[in-house]
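As written, the chains take the letters A, B, C and D, and residue 1 is the first residue of each chain.
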Amino acid sequence: MKLVKDLSALYEAIAAVQELYLPVENKGRVDFKLYEAGANVDIKTLKTVRSAKDFFFTQTETLMGFKVEGKNIEVEDLRPEVRPFVAFGVRGCDARSFEVLDKVFLVDPVDTVYEARRKAGTVVTLACGRPEETCFCTNFGITPEAPAGDVTTWLTEEGLYWQANTDKGEALTAAIAAVFTEGDGKAVEEQKKAISDIIAKLPLANLDMTHLEGVKEETFWGHPVWKDISETCLACGTCTYVCPTCQCYDVRDFDCGNGIERFRCWDSCMYSDFTRMAHGNNRNTQDQRCRQRYLHKLVYFPRRNEGMFGCVGCGRCVAKCPSKLNIVKVIKALGGK
Amino acid sequence: MQIEKKPLIVAFCCNWCSYAGADLAGTNRLNYPANVKIIRVPCSCRVNPLFILKAFQRGADGVIICGCHPGDCHYTTGNYYARRRITLLFSMLSYLGIEKNRVRLEWVSAAEGAKFAATMQSFAEEIAELGECKRLEDLRCKK
Amino acid sequence: MQRIGVFVCHCGTNIAGTVDVKTVAEMLGKEPGVVFSTDYQYMCSEAGQTLIQDAIKEHNLGGVVICSCSPRMHEQTFRKACAKAGLNPYMVEVANIREQCSWIHKDVAEGTEKAVILGRAAIAKVHLNAPLTAGESPVVKRALVIGGGIAGMQTALDIADAGFEVDIVEKNATIGGKMAQIDKTFPTLDCSACILTPKMVDCAQHEKINIYAYSEVEDVKGFVGNFSVAIRKKARYVDETKCTGCGICTEKCPVKNIPNEFNMGMDNRRSIYIPFAQAVPKIATIDPNTCNKLKTGKCGVCSKVCGAGAIDYTQKDEIIRREYGAIVVATGFNMIDMTKFDEFGYAQSKDVITSLEFERLTNAAGPTGGTLLRPSDGKHPHTIVFVQCCGSRSTTENGKPYCSKICCMYTAKHAMLTREKYPDTDVYVFYIDVRTPGKNFDEFYRRAVEQYGVHYVKGMVGKVAPRADGTLHVQASDLLAGEQLHIDADLVVLAGAIEPDKSARGLATKLTASMDTNDFFTEAHPKLRPVESPTAGVFLSGVCQGPKDIPETVAQAGAAASKVIGLLVKDKLTCNPCVAQSDELLCNGCSGCEHVCPYGAITYETKEFMQFDRSMKPRRVASVNPAVCQGCGACTVTCPSGAMDLKGFSNRQIMAEVDAICK
Amino acid sequence: MQEMIKSKLAELLSTGAVTKVIGWKRGENFYDVSPAAFESVESLADFVYDDFCGANLSKFLVKEPGKESKVAVVLKPCDTFSLNQLIKENRVNRENIFVLGVPCEGKLSEEKMRVMGIVGLTGCKVEGDKVTVETLYGTETLDKNDVLLTKCATCHSKKHVIFDELIGETGEDSDVDRFVGVAELEAMSEDERYEFWRNELSRCIRCNACRNACPACTCEKCVFDNDASGVAAKSNANSFEENMFHIIRAYHVAGRCTDCGECSRVCPQHIPLHLLNRKFIKDINTFYGDFQAGADAESEHPLVHFTENDPEPSIVKEGK
């Protein structure tokens, strides 16, 4: 099995062939950043604050422009130039989230910006050495001990074990072949076992989801949990912005003086002006908005996508909600045991 | 027509004192840099911090607010409120590391044409020294 | 998008000399929304105005930008011209390319570029302009004067003489004010009562003047032209319509030991009283705090002796609500409390008196019948010390930072009169500075020093200490001689600082008129609008605005009256349409705007708003009275949600100008 | 303590004195405490008051109907300042609120534990100034001071400024110098400050948690959400928008911010937003005299007030 002993050599090698993004620590908080020599890389911390969806679906993205000169308007294509890149250190939950996003952005009509990024990106996942109490990815069939991705890696005492899973992964492996040595892979098996042992102890690892299977869209509409949650939901966008699968966006125009830039940016179904249309808004109260957010992930999305939930159990909302409201509470309140 | 881009200065002037002071500077043919552009507001208390930030966003390199001398406000008290608001805003900008000389508040009466011109001259020089405002720029507006 | 016309003026060579006006017109013609652009020699000339008017009609313009001289010069001209062509005058903006461009720049390229940018800013603003209509409000043709001293009386008389009805509200039982207590006036030394009391009678007899004596303002609602004022007419327990002022009751009342306010407490009055002989209205008043009948139910002497049957122990305060177009504040002043100044010994000795007490001691109608006698033992004083600036120009806690203005002159008057009537007295005046700016003032002061031999000593009295023998030991410094003085005085007279009447503060709140830190009312403009308060329709007369002497007070009273008359002759007031307006849907009800409004133009009311779940929720929201708002915009910046905006200078308009300038 | 509070709340609900209680509810684990509404005595079974009740509940009163029914709210000392300020600004109707004051010894932050690298949290015990944390990976003993919420580490008062009833005793204003952090930044050069704030604000994801949790940010519609305002934005397109949002937000609450620290507590990116608000508080204290927003419900806030002798803005350049 391929093994990397010197991690910085690995980073340098990847950065030499493609843009490399990886978790970087900044005052105790870890987020994906473009690698640069001397960066404070932190692949021990389990979860980045922002999810890995930024790689393919960035928070703001300029789409087109209108150049105004006097009375003339000229349309410009301002879509970003996408270069090949490597997303390193992605966890299993985030890796699954890309599949969720694909179901939205790669179906007709295909989102060309997303598609370009998806094609350009090689995902290198990292097994979750130390799962946390907020994790519940196993409920969605994710294997944190052996996450999916173009390449899967395990960080062990010996070094980083490396396993290419796809053509893209193989290509990357070949491009940086010099950094690898061979390892016996025993440490990987040990780690997998250790992770499984921890997962058995995780409080949220075994949620009862049976009540969500095959239900009709309106099944839970009148459920009291929506009012309960909305009482103290602050209507901020934290859950949606740290969520790896939230995919809603708004398209807006920015007046730059000499023209207009049309861009898209993340939107949040927690916001009062979400889906506001000319006639008004069809969801006007916070309980309706909360219902939309959770049922979208738990009922509407699976109904349309062969049962795939719109949640990957990363637990970011569990950790970050200012009011400690989250999808686990909703799953339980809806009738799970 | 296109002249090299000089630092751009936006001056908010109250209608009753400073705008009249600017007019007097003109009447007396007192020269000050053309990159100073004046916006007329009823009173210095009409200047919203948003306007100041917006000016920087749009590419201004310096913003100056001019009002009646304290005690002489046409609306009696407007400039006193303006003074507090603007002091706090300036302090905050400096706290965020925005060069503190990029913003200024001056009291210019309708009789102080010479002071108006001299103030604009000195402010323009100060801004020229600081150069382009990079710390509050929005590149979308600079294309 | 507006259809905008741009008109670039050459102003002869004033603009065209350093700005290429043709290029400016051409460049601005390319701006979005501009459908017509031209230049002309003199835009403000009749031909120029016609050109604009024709273009408005021909091109169906919805907005006009004029690049010319300062809007302070010709904005009104152009607005009127456009209005004649059927365009709303507030759809016109002026780009100042003369005073703020052509006149200050020498380089044509530079001037032209700047003119284009200023033009663009005006175009950007016009795009967001909305037609505004000046509102009108009717004017109630009656004025209210608060305070019946010489200031209030003079104002009332002047307004009434112009044919308008005036009500005077006076909190005391009689009008007349402080001037009624004064013996003689400087610098002419004519008798105060002789010139004042005829005016009091004039007020009483004037068919347009109505006096509410013994009354106070309870509350004020409304705004310029339309004030609604509640007046509390305090119970006198005497029927005004019946009382003849004969005074028998005031002689028979058994409660005899009430300090007489009119004589500064230096003699006594009865519980039922008429303040002084020439009081207007001359009606008896029962002091409810001391009347036996009202306190205990036992007595009733006055009722028995009253031939007119005017006594009514059951009388109650009465609230009268009346409408006024204008309000004049003439609340006057009082001397500050001298007991707080230990060094002057005012509280320790009866022979340390204030100047106003001295006035009463020398007045023929005063407690001593006009003979100067020591209050303690009734003996003739031989050495009198006058101390000036007692609490004036003082930075101490008990003092006032300002100069009380009248003390130098009345002290000279007191000293002079004393020396004239009692040449055997030694008179000292201690002063910091002697201030005599006024017609014949310095001559008057010099007469006191040179002809009457008054000892003027520059220096301050450090201590006044009563001695066992009844004399007062005055310790003072003579700054010019550089020595300490010790004077054994028989009488010490303190020229105390004057301060606004205590009632003024509460009144200012009711009127939403502003005050300075000393509780003097502030003027709308200290130089240019000295008799108007910043609150439209509220005017200032007399010392309530700042210390002044009688001639100044009368002059200001007349000025205030003329302002009131100027207001009341109008049938309707036209409001400035560039006023603030509040968006109820955005208003949080925080009252920030209300606090910063210098005019009291913002009021709050609680309204119910439908929530998305169809329930109703009450919320306080601001509304602006456009007749009162002057359009400063202080409220707009205080408002975090942007609910408050200013018409004509809206957030969006100013930001559009910023954007255009920075483009 | 918790039981005393619970029984008082039960009494209020059962007697009909209030129809609703706003308090905290126990969730999945020791730190999972969420603000919650309780409308029946039975529902109070989940009520909790412990070391993790950091949330300021006064904000939730803004959406109460403000008429007819009465709501009880459980407030820590710092939270009462916020309520006072809300009452002053007419955002909450005092008559409809029953304030139950509860004492506070400083609340803990599990996020701080995570930042310290302590993960897999399963249990926690506080004994004196030590905190013992159970995790999936072992047990850790920590100094309580190290895991206090940032706002609690610089607590400005343990005194309840408004309450109808107290459980336990109210405390005193603290003498902790809460402006140390601001002073440190002031002592830096302009460039250093710029770098500091760039690093902090560039992490902002514009989730609006700071704004929505802030008891001073109660606008019916925020300027940043209002398309008609000219400054609306849903995301930070660049550094300017990051600066703009945070400057204006701090500015709009200047003189009204009670320093409750919710902004920093809720920020998912741990941006020390309170340092912006505290800068304004410090400036106001220095320039215009000491002022504590929310200390009473009457005093005029410094930005709707002035004196003729206020310092000129040039004081900023002179660097006080």
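Assume contacts are C-beta pairs under 8 Å (C-beta built on N, C-alpha and C of every residue); 3 or more make two chains touch, one makes a residue touch a chain.
What you are looking at is a predicted structure, and each value in this text was computed from that prediction instead of being measured.
Placing every chain at the mean of its C-alpha atoms, the farthest one from subunit B is found to be A.
The interface with the greater number of C-beta contacts, when A-C is set against C-D, is C-D.
A separation of 68 Å divides the Cα centre of subunit A from that of subunit C. One simple way to say how far apart two chains are is to compare their mean CA positions; for subunit C and subunit D this gives 45 Å. Centroids of subunit A and subunit D (each the mean of its C-alpha atoms) stand 30 Å apart. A separation of 36 Å divides the Cα centre of subunit B from that of subunit D.
For subunit A, the set of residues that touch two or more other chains comprises 254, 257-258. Residue positions of subunit D touching 2 or more other chains, listed in rising order: 223, 230-231, 237, 303-305, 308.
Residue numbers of subunit C whose C-beta contacts span two or more other chains: 596, 638, 651, 655, 659, 662-663. Taken as a contact graph, with one node per protein chain and an edge wherever two chains touch, the assembly is complete, since every chain touches every other chain. Residue ranges on subunit B touching subunit C, taken from their complex, read 1, 3, 8, 10, 15, 19-20, 22-27, 29-32, 34, 37-43, 45-51, 54-55, 58-60, 71-72, 74-78, 81, 85, 117, 141. Per the touch definition, subunit A reaches subunit D in the complex via residues 26-29, 31, 45-46, 49-50, 59-60, 130-133, 198, 201-204, 228, 231-232, 234-238, 240-242, 250, 252, 254, 263, 265-268, 271-273, 318-325, 328-329. Subunit C makes touch with subunit A in their complex at residues 30-32, 612-613, 659-660, 662-663.
Of all the residues in subunit C, the ones that touch subunit B in their complex are 23, 70-73, 96, 98-101, 103-107, 109-114, 117-118, 121, 514, 522, 524-526, 534, 578, 596, 598, 630-634, 636-638, 646, 649, 651, 654-655, 657-659, 661-663. Residue ranges of subunit A in contact with subunit B, taken from their complex: 254, 256-259, 261.
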